[in-house]
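In the two assemblies presented below, subunit A is common to both, partnered first by subunit B and then by subunit C.
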Partner chain A sequence: MNIKKYLKIYSIFSYTSLASELEYKTNVIIDFVTAILSLVGSIFLLTIFFQNTDNIGGWRFEQALIIQGIYTILNGITNTWFNPNLTEIVKHIREGTLDFVLLKPIDSQFFISLKKIAPSGFLEIILGFALLFYCIGINQININIEFLLLSLSTLLCSIVILYSLWFLISTTTIWFVKTWNATEVLRSFLYIGRFPLNSFSFSLRIFFSIFVPIAFITTIPSEVFLGTAQIWEILLELIVSGIFFIVSRRFWLFALKYYTSASS
Partner chain B sequence: MFNLNKNKLITLLKVQYSNMLEYRVEIALWAISGIIPFFMLNIWTNNNLNESINLSNVMLSRYFLSAFFVRQFSVVWVVFTFEEDALLGKISPYLIQPLNPFFRYFAQHIAEQITRLPFAMIIALIFFILNPESTWIPSLGIFLLSCVSTFFSFLIQFLIQSIIACMCFWTEKASSIERLLFIPTLFLSGLLAPVVSFPEYIKSWIYITPFPYLIDFPANLLSGNNTNVMSGFAMQLLWIAALFPIFTKIWSLGTKKYTAMGS
Partner chain C sequence: MVESIIQVANLSKSFDISSKKPGLKGTLRHFFKRETKSVEVIKNINFEINKGEIVGFLGANGAGKTTILKILCGLIYPSQGELSVAGYLPYKRRSNFLKNITLIMGQKQQLIWDLPPIESFYLNAAIYDIEKFEAKKRIKKLSDMLEIEKELYIPVRKLSLGQRMKSELLAALIHKPNILFLDEPTLGLDINAQRNLRKFLQIYNRETDATICLTSHYMKDITSLCKRVICVHEGCITYDGKLDKLLKKISPVKDILIICKTDKDAKELSKSGYIIKNKNQKEVTITIKKDTIKSTLNKIFKSYGIEDIFINEPPVDEIIGNILVKEKV
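Let's look at the complex of A and B:
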């Protein structure tokens, strides 16, 4: 693995895909407006929930905003990196162009996961961080090195889990060819990440911690941010993200053995 | 511009239905991806949020189940198909045919809804097994009326999206406009929270917009919650009547503007 080479390739990837995305400038602007409206909408929904109650699943409104902030950041990352790249896998497999990717002298997972970049998610990432900064103010959170380190590392873990989930589902395309809609199912499940896990009934909580690890994606990082997370939760988050990443990598290599190219 | 007769309509539907049956697994996945209303129901009842809007748990669960159904049968994606067809130049052969291409898309949607029906029924059945107390059978009249209002909701969304799709003639990529419009549809239509629960400052103007008539009105009708049937239908028809001439206008302007690929 030559890190320098990969960094250089990545910068070329970003340059070319940004250039082609910016062909459609109005599109990018409309996507920015969509990002703002989407955040406004989610906060509006939260205010409806909090109209006549002061907590949902033990989270006050100011605390629930943290989850919203983290969700927005992750959604921005999904829109910028995961969504444009991983929907391409389907196309590669259907049209047989995955051959060209596999023949290139770089790692195929690297190529497939990072080839494209869509600027439309940038604003969401910025908005999410802005909301988090606002939450630091209203929740009177003390900022110190330990807090920053823990928050950033759990956030990084959620990004890894999220990526692995997307990549795992996209990989199944090798067998089923058209799984574009499976990512849509994932998307609708991830929607739940906007709300604290404790606000759901017990059975759904189990479902969202084991089968679709939404608990690890937004709730634990938010708890770390609030300073209410237990040490075992943080460790578990680290372990789960590690497992997810390794499994997704292994699964890709395994699936490639079954790749038969188009029309062969 | 609309020379459609019974034969053409039946042939179109037959072709599209067999086409959709090919993709039944895909459609099943689409049906599953529409279960957000059930998660929302879980938040509402689990935190007793419905006490403040005077809706019992049972009525609220019926509402969200109906919302799920209405959404299943009013999902529209014409802009995405049209955009692809326009970008790839597939529109040209369609334009030569003596039939407006939107009838083809319309038939696609209807065929997809028929394919979707069994999957939606299965999801509803699972819901009733998990929540036996919320089982109900609406009277035939109410059921037919809510089918009509769901179809009107579908028509409103189909017209809006077709208008957006026609913008492809000018901008090539129109789906971002649809994604923008999807946000108010998501939050204001009643899919995530019934419109009665909205604060007063929203309720004062929302009933003039088309949004509550997309999901909230048909779902209330079907689930037996309070709703004004007459004004609901009147507003749906009004929006259809308002959007239809806009669509025909933008379509005739757009086709004049259209330059086929490679010309």
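Let's look at the complex of A and C:
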């Protein structure tokens, strides 16, 4: 793979996508306002949960805010990259415009995963990081290289898991044609990731760790932030993200053999 | 010797297609127990296309023309058979193969809707590893040929269908492909836009010696661009050869409008045993075999008072329309 070529193409993707989005000024402003209100609403919800108790599932309010911060960053990434691109896969397959992607001398997964950007998600990412920095202050977390390395790598793994899950579901469109509902279910599961895994019952914890690894997505990076994560947890997240990414890639290449294109 | 660039041997393709009975009962049954059956849409076809040829694929809706094009450009895996396009197995979609071909579909578009076409051209140039300086040169040349210099900077959504189609062509040709697959490229365009597009394709073919495979329901596209046609009926090739030979074979007659000097001449002519297609006072239209035109007209000129004659070919649309539904041509 020619990295220089792909970087150049990605810079054009980003530019054209931003230029397209900025054609509709009001829409961008509404998205920004929605992002702010969504974060305020989530924090308000957390304060209600903690009104009569100091901790839920072993997590104090200040600690639970870290999960909220990570969730906000992931949601921002979802809104910036995953949502505009991966929901388009369904459209590409239904309308047969995937033909144009497949006939380009470029990796098709790269093309359909990164072609678009929704700038409104940037604000969520910034707000999420701002909340995390605030949490570092109130939880008196010591910042050092080890902390930065571990927290960034677990966050990156979370992004990879989330992307792979979404991409896997979207790929099934090649057979089932319409899978919007499935990606909506995934988004709903992501909402669950706003709360600590320990606050759920044992069976739900198993479900969200094994079948839909939402636990890996927010809880483990949060534990890394608090310095309570076990090394095996971090390694497991690394392995799970790697497996999910490879599976999603293989599944895409396999599914393309069954692509029949839409009729003219 | 002319070099063959596309070879297809014993190619077949089957699709699993589900059918649904009407009504609520049919809908529920379709939801819970979907009945699918394998339908062979391409049946054991064979052909070769030479470099620089323009070949028209003719057939009714659903005959399999688009499926053939999509197999040739590598979008669909064939169920069986052998094929080679520019020396490659298309469905492997190797980078060098993809740089050699292009697909243009009249009913689908690849341009970025909210931005001027030039942005999509530069994106495609980067994807095909074309340097910006070279891309600029090619865009200038192609936009001159297509006469869309001004439209390059207007958002795609504001362009007319004709202007959009020309821009689509430019986007699809920026990498100088050797093989063009065109699936109904003039669909929905007005007569002038259709003519301009055809003119462009003729010039492009002449200048670059590119091979063009074309499907179209507009017979004018076929007659003005393709010397060779391949007729497809229910997934089988029913004719592969020269278009004029096909027309001669299918329609061996011509209509001749004869304007007689008097009503009496017209009346006598219409009773003389020729196949009369139409009669209106002094005007008589007769149908005669192409190879007897000269002798028949000589006889008519000698026997009757004739003022003028007009020789008409039956409309190509009519002839082709008739053969599209035939199993054998």
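Side notes on the structure shown:
Quick note on the criterion: the second predicted complex is superposed on the first by the 263 of 264 C-alpha atoms of A that agree within 3 Å, B and C clash if a C-alpha of one lies under 4 Å from a C-alpha of the other, contacts with A are read in each partner's own complex, and residues count from 1 in each chain.
Heads up, the rule we're going with is that a residue touches a chain if its C-beta (ideal position, glycine included) is under 8 Å from a C-beta of that chain, and two chains touch if they have at least 3 such contacts.
Being a predicted model, the structure only gives us computed values, none of them experimental.
For the composite obtained by overlaying on subunit A, subunit B and subunit C can both be accommodated side by side without a clash.
Once chain A of one complex is fitted onto chain A of the other, the partner contacts of A:Leu7 are absent, as it touches neither subunit B nor subunit C.
Of the two partner chains placed by the overlay, only subunit C lies in contact with A:Glu95; subunit B stays clear of it. When the two complexes are overlaid on their common chain A, residue A:Thr260 makes contact with subunit C while staying clear of subunit B.
Of the two partner chains placed around the shared chain by superposition, neither subunit B nor subunit C is touched by A:Ile239. In the superposed model, A:Ile138 makes contact with neither subunit B nor subunit C. Of the two partner chains placed by superposition, only subunit C is touched by A:Leu103; subunit B is not.
Judged by the touch definition given at the top, the superposed model places A:Leu148 against neither subunit B nor subunit C. The partner of subunit A that touches more of its residues, comparing subunit B with subunit C, is B. Superposition on chain A leaves subunit B and subunit C with their closest Cα atoms 7 Å from each other.
For the contact definition in use here, the residues of subunit A common to its subunit B contact set and its subunit C contact set are 24. The touching residues of subunit A, counted against subunit B in their complex, run 24, 26-27, 30-31, 33-34, 37-38, 41-42, 44-45, 47-49, 51-53, 56-57, 120, 176, 178, 180-182, 184-185, 187-188, 191-192, 195, 199-201, 204.
Note for the complex: subunit C touches subunit A at residues 15, 66, 70, 73-77, 93, 95-96, 98-99, 101-103, 105, 107-110, 112-115, 119-120, 122-124, 126-129, 155, 183-184. Here subunit A touches subunit C in the complex through residues 5, 8-9, 12-13, 16, 19-20, 23-24, 95-97, 99-100, 102-106, 257, 259-261, 263-264, going by the rule given at the top.
The residues of subunit B lying in touch with subunit A in their complex are 23, 25-26, 29-30, 32-36, 39, 42-43, 46-49, 51-52, 171-173, 176-177, 179-180, 183-184, 186-187, 192-193, 197-199.
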